[in-house]
Amino acid sequence: MAKDLVVTLHDAVVLSSGFPLLSGVELEIEAQTLSVVTGANGAGKTSLLRLLAGLVSLSSGEGTVAGIDLVNGDLRQLRRRVGWLGHEGSFYNDLSVRENLVFAASALERPLDDIDAAAHRVGLGSRLETTTKALSAGQRRRLGLAWLLLRRAELWLLDEPYASLDDQGRVFFDALLADVVDAGASVVLSAHDPLRSATLHPREIVVRGGRVAGGAS
Amino acid sequence: MIKQLSQRLLGPVTLLCLALTFWLGLWVTPPDRIQGNLVRLLYVHPAVAWVALYVSFGTATIASILYLWKRTRSFTMDRIAHCAMEVSVVFIVLTLITGSIWGRPTWGVWWAWDARLTSTAILGVLAVGYLALRRANDDSTLRARRSAVFAILSAINVPIIHFSVQWWKTLHQGATVFTSNRQLLVHGSMAWTLLLSFVGFTLLFFWLLRARYRLEVLRESTQQMMLDEALLLRQREGVM
Amino acid sequence: MIRTAWLVAKKDLLIERRSRVLLWQVLPFGAMALLLSGLALGPAHAGTSSAGPGLFYLVMLFVALLMINRSYVIESTPGTRASVQTLGLDPAGVFLGKSLALCVELWLSGLVLLAGTVLVLHTGLHGALVALPSVLVTLAAMSAAGTLYGALTAGAQGAATLLPVLTLPAFAPLLVAGERSFSAALTHSGLWEWWLIVAVALVAYVGVGILLYGVLEES
């Protein structure tokens, strides 16, 4: 039985300062699946994820993400429905972990009671009162993850989440992603290389020259 | 066909009006009994100011509003706003220069902290600011949006600036053509020449706007060609 | 809109309370600028009460530019910007919230620098107190205008230098009206026409901000 599609892109082009970040992407992603976007530096992995998150707009082509048209739809609505984790860290450096999560949860009217549980799940339970700028890069990534757990997005978009994770971190992350997909969300993440995971078997999407060059499931 | 004809005639008619204005203004109309030959600036300064403050800035503002309104949103409106604002800068500078030339012998100074002069100078800075804002954004949609909002904000500022400095000081003369009870103060050949100058400089604005617009279209098509090339190169990266 | 405004204002003020940029950087800059302006005028002129209002607003202009820039710098780090965008906050609420936070910061700066104007520029204390409501309204109008212009330049090339180019002409009528109403308070003459200008500007900027902030935020 064919699954619903959470992402469809047809000849998608994204330009930035006259340079084509994406140069005609053709892509379909089924709902409730895990996909890994791989490719060299500058291939267009981050740009693809940002397009799916509604953080950049299509210069030409067509697309639908989580039921929202990328050309004529409300991108603000799209951003509220997806969960984004960039590799630069999340939210405000001068606020504590708790304050950032309270701000974000209040913005989307999510229950504040779940904050402690989400922070503990990602290993930041003891750092709730720590200012974000005092966290390490890996810990800032976990703050973003805690937020994703809180908001229960239907589509998770993670930009190189495995970067700067040790073996223990990778095992934790694999388990988390498996739980998220089992709970009904779709996950698209980027990585330089295919995932070497014993437990996850994602679909691989290879990006080269701003287009999808191939892949395996 | 009418559109093509009017476009072809715009330049010659403009030049004719301006040539007539200058001929009448410099040789035919009499000197003023108080100002003497200095009055001949009357056939340049008010018309240039009218174009600067109302016609060109007004065109840029209206085009900006039309760009922001979804029904009429198109890059044509953005182009018109941009080109009109560029021409506006030219006319604002001319307004200040011709005003200073008249002011020096009349008031004894090149510049005075007068309501009209100050508000015109501020408008000039706003117009330059618009152009600076456009240069600071590479993304065409973002550039168009921000420029349009800035143009509207600038237009809101115009009456605020005008009234705030009006209560401050004014040396600039009041209504020249009509008084508040519609009495015409300029007579005879001077009045007709003045009217002709308004027509001539307004046509000049539209001629310059059209020329600048055509240049902009050419520039964008060149940019599009470069973009198509960049797209091909990028796609080839995926094949290599 | 109001809920979002309150959330954003609280967040901005909390960040300011943590970082204390206003306390340790902007206020000392403002105080120094006030002193330098007095020095530039010379003791004979600096000590007259007529210099006070103009110099106060000139220094507040610089303070406002610094705080507007700061208000958008905290949003501009790459990770912050993307994360906050995914919250999909109501743009009108964001505009009101940032204006409110900026207004509070300018009011605090204004009170300190007003005291400085009374002290070092010998502006009359009674006149300064009479002028206080007009000062607060003028600074509120500057906050609304500044928030809009800050959004216009956020993320643009050379944003820090572009901001003053765009904002100073907009602040000109507020500067004039603020200075005139302050001077009128010192000489016990009429204030209403200056109040009118500032009130119109405040309403205009808040209205335009609510309508158009969303357009500026979309990239």
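Order of writing sets the labels: A, B and C. Residues in every chain begin at 1.
Everything below uses one rule, namely that contacts are C-beta pairs under 8 Å (C-beta built on N, C-alpha and C of every residue); 3 or more make two chains touch, one makes a residue touch a chain.
Source: prediction; values computed, not measured.
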Chain closest to the assembly centre - both centres taken as Cα means: C
Chain pair with more C-beta contacts, A-C versus A-B: A-C
Separation of chain B from chain C, taking each centre as the mean of its C-alpha atoms, in whole Å: 31
Rounded Å distance between chain A and chain B, as computed from the means of their C-alpha atoms: 49
Inter-centroid spacing, chain C versus chain A (mean Cα positions, whole Å): 38
Contacts with two or more other chains, residues of chain A listed in rising order: 57
Junction residues of chain B - those touching two or more other chains: 138-139, 141
Interface hub residues of chain C, defined as touching at least two other chains: 218-219
Of all residues in chain A, those that touch chain C in their complex: 50, 53-57, 75-77, 79-80, 82-84, 86, 88-95, 99, 103-104, 106-108, 131, 140, 144, 147
Chain C residues touching chain B - in the complex, by the definition given at the top: 148-149, 152-153, 156-159, 162, 165-166, 168-170, 172-173, 176-177, 180, 193, 197, 200-201, 204, 208, 212, 215-216, 218-219
Parts of chain C lying in touch with chain A, wherever the complex brings them together: 4, 7, 11, 14-15, 18-19, 74, 77-80, 82-89, 218-219
Residue numbers on chain A that touch chain B, as the complex places them: 13, 15-20, 23-24, 57, 208-211, 213
Sites on chain B touched by chain C in the complex: 68, 122-123, 125-126, 128-129, 132-133, 135-139, 141-142, 145-146, 148-150, 152-154, 156-157, 160-161, 163-165, 167-168
